[in-house]
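Shared between the two complexes below is subunit A, which pairs with subunit B and subunit C, respectively.
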Partner chain A sequence: MNRPLKRSNAPIFWGLFGAGGMLAALLGPMLIFITGIAVPLGLLLPRSAMNYAAMLAFARHPLGKGFIFIVIALFLWHAAHRLFHSLHDIGIHGGTLAKLLTYGLAAAGTVIAAGALLATGF
Partner chain B sequence: MTEQIIRMEVMRYRPEQDEAPWLQSFDVPYSDDMSVLQGLNYIKDELDESLSFRWSCRMAICGSCGMMVDGVPKLACKTFLRDYPGTVRVEALHHFPIERDLVVVLDDFMEKLERIQPYIIPRQEQALSEGEYLQTPTQLERYAQFSSCINCLLCYAACPQYGLDSSFLGPGAIALLHRYNMDSRDGASEQRMELVAAEEGVFHCTAVGYCSEVCPKHVDPANAVNLNKTRAAGDYFLRFAKPKGRCQ
Partner chain C sequence: MNKRRPYVRPMEGWWRKNPYFIEYMVHEGTALFVAAYALVLLIGVVRLAQGEAAWKAWLTALQSPLSVFAHLILLLAIGYHSYTWFKIMPRTLPPLSLGGKRVPGGAITATGLIAVALASLALLALAWRIST
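Up next is the complex of A and B:
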């Protein structure tokens, strides 16, 4: 530990991980229930709640856009960080390759989500 | 109390004659109130005086007798032979170089301990005539838990990250660092932040939590590490917004 100390860049990734984890814990189960159970089965919510027209309108509304973007991007960053560190824990020290496969995928997913949401129009 | 026999498999490593550590078995008579440390002392007194191990207080306060008991980091004085019917395996603490038998090399931790400045650096030096630095019970409460550390290093033997890369500052040193940061009489948390936020600092931790589980003094180093991740992240993003320099 004698060499000069270098500040770690981890807070960026740890911050995204933390934010994604909090969001996943708060919204994840509810989203699975709505999109995977309630709407397809017509339980509590009408099936039409998620038809094409409704979802397009949701994705075109600035708040809807923001919600979709945040949910996709932060969930991905959370998963990437967890996978990267779990690989390290079980003895796979992939270095740059592991970083590319985890954080790289999250970054790509973020850019694609942003592009797709912009392409959907307002 | 009836006397029974337990087989103690003890790690031996004598650098002048052993290529690698190996296990030597001893049959040790024991009673229900005997600790693993007492078993080792029996071996040294009666069976093999060449066995080396560290110990001092026999009451879980000096932190000398940390070792692996059946693969789990334990204080030998606080662990009882009766809980290991038949056989017990005693090895040197994991993740440290072995000096001899059950004695590990502590240099790495000692250096880290020094780096965290484990002493109160007063916010403002007070002249003796001004009396003592006062502290309320609430202020004491904020750091009391973390001050129970006895530097026994069980948490380092438990930490998979320290095992993978010993440049990590580690659970024990971070818990102590936190203890001084949280002390109302101390004003050096910014100096210590350089170490917390460094690549060797808190972000090595992947929140396994085994360190807190093995701590014989119920310190929660995992909690100290986590709290300091938040502090280091805050420092990372807000460091440009903080005023520089000091008031005169």
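Up next is the complex of A and C:
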């Protein structure tokens, strides 16, 4: 009867959702414009902005490395949490598979991003 | 086997019957596009780690008309996420008060949207400074 209340892990996932949603809201549109439209087309920014040397230098700089990691990881955790709860809304009630396909993929993406960023060196 | 077989009201397609819930599902659905863009960036970092040839192949792929078109869709979807994120913020935030008065919802949304504009300009200026 008097079992101590188990601590919920919900605040962690909710926090990641909120942080990722805020980051995506503030920077998402401009990031997409820069990496997916402006630089590939040479519009406003030079095409050379994302050449190998420039991006390697960016990914090796501690601030650049941190920025790339935070953007990828938080975007993934934001999407995972929102999609997990939307699955409930369309009648798929949170089982292990739903968790694996949302939080599981976000966790995998986070680990892959960390590995790739370590591999680019410092 | 459950012998009672109680009646469960079917919930299939509940959100399609009300414009308010359709909008709700659309703004929740922006998460798919956020995930897609994160995946694009993730592939980019992996290609960068693999060396110059891999990175150049990724850049070439980004220049294809299909990729630019896909990024336009991503821009629309995540732009909508930005807008709705701050539009519903008066309800997702605990009540805010300033000088003893409740901050009106419109002010919270407007502040958020101004923050989006400022953050976007700052990011563009930063990209400009690094690359030129």
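The rule we apply is simple: the second predicted complex is superposed on the first by the 114 of 122 C-alpha atoms of A that agree within 3 Å, B and C clash if a C-alpha of one lies under 4 Å from a C-alpha of the other, contacts with A are read in each partner's own complex, and residues count from 1 in each chain.
The working rule: contacts are C-beta pairs under 8 Å (C-beta built on N, C-alpha and C of every residue); 3 or more make two chains touch, one makes a residue touch a chain.
This one's a predicted model, so the numbers in the text were calculated from it and none came from an experiment.
More subunit A residues lie in contact with C than with the other chain of the pair subunit B and subunit C. With both structures placed on the common chain, the touch criterion links A:M30 to subunit C but leaves subunit B unconnected. Applying the stated contact rule after C-alpha superposition, one finds that A:L45 touches subunit C and leaves subunit B untouched. Once the two complexes are overlaid on the shared chain, A:G15 sits against subunit B while remaining clear of subunit C. After overlaying the two complexes on the shared chain, residue contacts for A:M55 are found with subunit C alone; subunit B is out of touch. Looking at the shared chain after the overlay, A:K6 reaches subunit B, while subunit C stays out of its contact range. In the superposition on chain A, contact of A:D89 is made with both subunit B and subunit C.
Common to the subunit B and subunit C interfaces on subunit A are residues 85-86, 89.
Those residues of subunit A that touch subunit B in the shared complex are 1, 5-8, 10-12, 14-15, 18, 85-86, 88-89, 93. Taken together, the subunit B residues at the contact with subunit A in this complex read 111-112, 115, 160, 164, 167, 169, 194-195, 197-201, 203, 206, 208, 229, 232-233, 236-237.
The touching residues of subunit A, counted against subunit C in their complex, run 20-22, 24-37, 39-41, 44-46, 48-52, 54-56, 58-59, 68, 71-72, 75-76, 78-80, 82-83, 85-86, 89-91, 109, 112-113, 115-117, 119-120. Subunit C contributes residues 11-12, 15, 25, 28-29, 31-32, 34-35, 37-42, 44-46, 48-49, 52, 55-56, 59, 62-63, 67-68, 70-72, 74-75, 78-79, 81-82, 85-86, 112, 115-116, 119-120, 123-124, 127-128, 130-132 to its touches with subunit A in the complex.
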